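Listed below are the structures to be examined.
The two complexes that follow have chain A in common; it is paired with chain B in the first and with chain C in the second.
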Partner chain A sequence: MSTFFNLTDGWSKATSKGITEIEQIDEFVKAYNDEDHCPPLTPWSIGRDSNVVNSDFERIPQAILYRQSSMYDNYFSKTQRWLGHVTSINDASFSAVLQDLTAGGTNELAEFDLEEVSDEDVELLQKGAAFYWSIGYSHENGQISKKSIIRFRRIPAFNQADYDEILDRVSELKNSLIWD
Partner chain B sequence: MLDDRLQVYQLSVVLIGNFNPIIIQPFWLASKKLIREKEAEKAKVQIIHKEIVRFELDWAFIEVKKDRFEIRTTQLPYFEPLRDLVAGIFKLLTETPISMMGINHSKSFVLRDEDHHYEIGNKLVNLNLWEESLDDPRLFHLQIIEHKRKDQYPGMYVVIIEPPKQELNIKYGVEIKMNDHYELGQGQTGRNGEILDILEKNWKYSSDRANEIIENIRTKLNF
Partner chain C sequence: MNAPLYGEAEITLIGTGGYGESILLFLNNEDWIIIDSCVEPGNNYPASLQYLKSIGANLDKVVLVICTHWHNDHIRGISQVIKECINAQFCFSRAHDREKFLYFVSSDYQKSNYDRLNSSSLEFVDSLTELAKRSGRAITALENKILYNQGNCHVYALSPSEFTMEAFDNELAQLIPGINPNIKAIRQTPNARSVAIYVKIGEHAALLGADLEVSSNNKEGWLNILDNSLVVGNGKKASLFKISHHGSGNGYHERIFQELLHPNPVSKLTPWNKADGLPDPQMLGVYLTHTDQLYMTAPYISKSPKKRDKSIEKLIKSMNYELSEIKYKKGIISCRIKIDDIGDTWRIILRENSLKVEHD
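Right, the complex of A and B next:
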C-alpha cells in the first residue's frame, strides 16, 4: 500500500460534529489500549451500537454538500521558522532562545510581547516551554499578507513508559562515562 | 535564504496500519490538548463514521480510514506542529499497530517561461528520442525510485516530477514530490512505537534530504 499523497478533493457529505461524548471515547480508547491484540474494529461500541450510528448517519437532516476546500486556497510562502525555548517571563514579555529551523546556524535570543501569545496557549507559557515561531507570507483565498505566528508545542504528558525510557537512557549514559 | 521560485510546499504524513477512525476527531484531540479548543470548534467536519473520519483544521487536513491515516498541510508554520500532532495521537493510542509511514514533501516552483519549461523536461528525459513517433513530445510525469534506503531503515525513496496543481494557476511550473517511505524491520510488530520513533528521529533528516535532492536537481536543471 502506498504511503504517498492521496488527494481526495471533491464533493463530500458534511455531517454535524459527530460523537462528542469524550468520556465514552476515553473508555473505549482505554479498553483498546489494554487489549493484547488489536480488537476487531467493527462493530465499534462506545455506548451506542453500530446500527444506531449508521442510521443516525444516514438520517442526519442537516447534511449538506460542499466542496472540500483546496489546500492550495491557503498556504504560506517564503517563511522563516524557529524553534524557541522560553528562558524568562516578565510582566509584559517573555525571552527565549531561538533555533533557526529554516537555515540553521547559531542560536539567537529574542523577546516577545505576551500579547503575541494566543489565549489558549497562555497556560503552556512557562520557563523552559518550547514553541514555534514563524514569519512568512500567508496566501489566504488569494489575499497575501505577512504574518508572525507563535504556537506553543503540544505533546502528551509523560507516561510510565516515557519515564522508564528516560531512566534507561540515563543508566546507559552513566555506564558509558569513563572516570579518570 | 528565502526562495523566490518556490510557490507552495506541502507536507504530509501517511501511516499504514490498523486504526479506529472514530476516535480521531476534533473534540477528542482538543480534550487531550493536542490542538486548541477553538480549533476543534472551528473544524470543518466532512464525515465522522466508523469507517472513515475526515475533517479540516485551519492548518491541516486529516483523514483516517481503517487501514490508513493521513495528515497534510501547505502552511509552513505548522510543519512541526503536524509532526507533534501525529506523535501525540499515537502516543495516546499506544497499541495501534503501524506498519508503514511516508513523510511526503512536495514543492511547486514557478519557472521563467515556456522555453525554460520545455528545457527542463528535455533535460530530464531526452525528448528527441520521441520526435519520430510523436508530434511535439513533452514530459508529463516522471518517477524515480531508490529501492534501498540510504539510512538503516527498511523502505524506499520515490521522487516524482510533474506539472503543479491547476489550482495554483502557475503558467509554467514544476512540482517535485518526494515519498520518504519507511517500513518495519524484521521481527517488529508495529505495536511498540517503532514507526513513531522513526518519525521523531528522522524528521529533520527527511526534511534535509528532500531539500538536498531538490536543490541538486534545481542546480542541474538551472532553476
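Right, the complex of A and C next:
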C-alpha cells in the first residue's frame, strides 16, 4: 500500500502546481497502470498502456478517477497472474497457453470468451498475441468483487535504432559463421 | 547408468510430456550428436546436457547439434547446448536465401528487446550468436545430405526437400514486411521443414522421424522420402525408428514400415500432452500392428487443473474457468547396439517415466 500513498502524494503535488504539470500526471498514470503495483480497475485503463495513450486529455480522466477512488482503500487481493499467448481463435472464444507468473512452474491451457476482451484490445487479438490475465478480489470503494482482467500487450513499432540493430546482426552472423 | 561400452553405439530419446524432446547419438566410439533440445520448466537447463553429465560423458565430444525445426518443443535450451559444447557444429534447415533468412530471424529476434516471450527466434539467434563467437560452422540440412561421416557411422538428412525450402523462401518474402512486434511469427509449414534423419551404424541403421508429416504432394514430407530419396529405399532398412510427430496420424504412412523399416522395429516416441494430446490411442493400436517393441517416454497423462493455493483454486472454479495443466513428465529411452556385430539387437534401457507399450 505504500505505492498507494505515494501516488496520492504525487497527485497532491500535481494538483498543487496545477494540471498543466503533465509530467507528474504522466508518472501518476504510468504507476497506476504498472502491472506490478496496481492492476487496472477502471474501464478507461483496461488494456491500455500509458505509452500508447496519445492525448494528454485522455490521461487526465484516469488520474482523476484514481484520485476519487483513492478516498477508499482500493486494492486487489488473492491475485493470480498469467502471461498468455493466443493459440487459436474460434467464433465465440479463443484458446491460449498460459505461463504462471505467480507461482512459476508448469504451463496451462485455457479458453476465454471473446466477450472478455475489451473493445480497445479486440484489434490486438490475433494468433500469437501476448496478454496478461489477472484474477483476484477487487476491493473498490468499499465493495469486494471478483475480477478477471485481460490486457493485451502493446509493443511500439520498430524504430530506426531497431532496424540498425537488425542489420548489424545480419551482417555479424553472415560474416562470423562458416556457412556451407 | 554408465556411458556406452567401447564398440557400442547409442541412440537415446528424452521426452518431457508437453515440454519437448531431444535425441542423443553416440557414434564411432567417441562422438556425440545432439538432436533438438528441451528443458524442464522453471529449471531451463537442457535435458540432453543433464543426461550426458549423468553418464560421465565429455561435452567436448559433442561434434554436432541438429535442430530439426523451430518449434518450442524442439529448440528450448539449444543455445545453452551450443554454448557448452564448444566443438559442436550447428545444423538446421534454412531458406536458400541466406541474407533474407538472417534478416527474418534477426527481425523476429529484435522483438525480444521489448518482450522476450514474443520472439520465436530467440533460441535460434542466440545459438547462431554463440556459434559466431567461435567462428563455428553452420550446416544447412537438406534432403540427401550427409551430416556426419566418421568410420563406419554416417548420418544423413532425409528432409526437408528442395521443394519445401523453395516454399520457405516464398513464405519469408511474405512474412518479412509484416513482422509485427506484438505477436509471435507464425510460420506455416514448420513440420514440413523438419529434418528427418537416417543413421547408419556399421551394419545397423536407425530412422529418426522428427516431426515430419505426410503431405499429399510427393515432393515434400514422408512421401518425398519414400518416392525420391537417394539415401534410403532399395532395401536399406532401419531396425530402430523414432516415430515422427509424437505418433500423430499425420506423421504415419504404412509405407514407412513396409519400405524403410525391418519387420518388428524398435519404435519409440514422445507423447505430447497439449491440446487434445498425442498420440491418439487409436494410433498406438496402428503402431502395434507393426511392432511389439513400442516404447513411450511417458504414459498418457489425464488432464487436470494445476495444484496451487486452495483459495486461488476456489476462485478460479467460482469464475467458471477451466484450466488444464501441461504436465512435465520426463522419460529416457536408451538403445545400444554393437556397431560391428551384425547379429546384435538393440538393448533397451528405460529410465524415469518411460515404458513399453503393450496391447490392451
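As a working rule, the second predicted complex is superposed on the first by the 90 of 180 C-alpha atoms of A that agree within 3 Å, B and C clash if a C-alpha of one lies under 4 Å from a C-alpha of the other, contacts with A are read in each partner's own complex, and residues count from 1 in each chain.
By definition in this document, a contact is a pair of C-beta atoms (placed from the backbone, for glycine too) under 8 Å apart; a residue touches a chain by one contact, two chains touch by 3 or more.
Bear in mind the structure is a predicted one, so any value in this text is a computation, not a measurement.
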Inquiry  = Is A:110 touching anything from chain B or chain C once the two structures are fitted on A? First, second, both or neither.
reply    = second
Request  = Give one of first, second, both or neither to describe whether A:149 is in contact with chain B, with chain C, with both, or with none.
outcome  = first
Ask   = Between chain B (first) and chain C (second), which does A:101 come into contact with in this model arrangement: first, second, both, or neither?
value = first
Inquiry  = Looking only at chain A, is it chain B or chain C that touches more of its residues?
reply    = B
Ask   = Counting only touches as set out at the top, which of chain B and chain C does A:118 meet: first, second, both, neither?
value = first
Message = Quick check for you: in the superposed arrangement, does A:132 touch first (chain B), second (chain C), both or neither?
response = first
Ask   = Of the partners chain B and chain C, which touch A:173 in the superposed model: first, second, both, neither?
value = second
Key: Which of chain B and chain C A:80 touches, first, second, both or neither   = both
Request  = Could you list which residues of chain A make contact with chain B in one structure and with chain C in the other?
outcome  = 78, 80, 83, 102-103, 136, 153-156
Ask   = Quick one: in the complex, what on chain B touches chain A?
value = 1-4, 6-10, 12, 14-16, 18-20, 22-23, 25-28, 31-38, 43-50, 53-54, 56, 61, 63, 66-68, 70, 72-81, 84-85, 87-88, 91-97, 100-102, 104, 106, 158, 165, 167-168, 177, 179, 181-182, 191
Query = Across the complex, what residues on chain C touch chain A?
reply = 18, 41-42, 98-99, 102-103, 106-107, 109-111, 113-115, 117-118, 125, 128-129, 131-133, 135-140, 179, 181-186, 274-275, 305-306, 308-309, 311-312, 315-316, 318-319, 321-328
Message = Under the definition above, what is the set of chain A residues touching chain B in their complex?
response = 1-6, 8, 12-20, 22, 25-26, 28-29, 32-35, 38, 41-44, 46, 50, 53-54, 57, 68-81, 83, 101-103, 118, 120-121, 132, 134, 136, 138, 147, 149, 151, 153-156, 159, 161
Remark   = In their shared complex, chain C is touched by residues of chain A numbered 78, 80, 83, 85, 87, 97-100, 102-111, 124, 126-130, 135-137, 146, 148, 152-158, 162, 165-167, 169-170, 172-174, 176-180
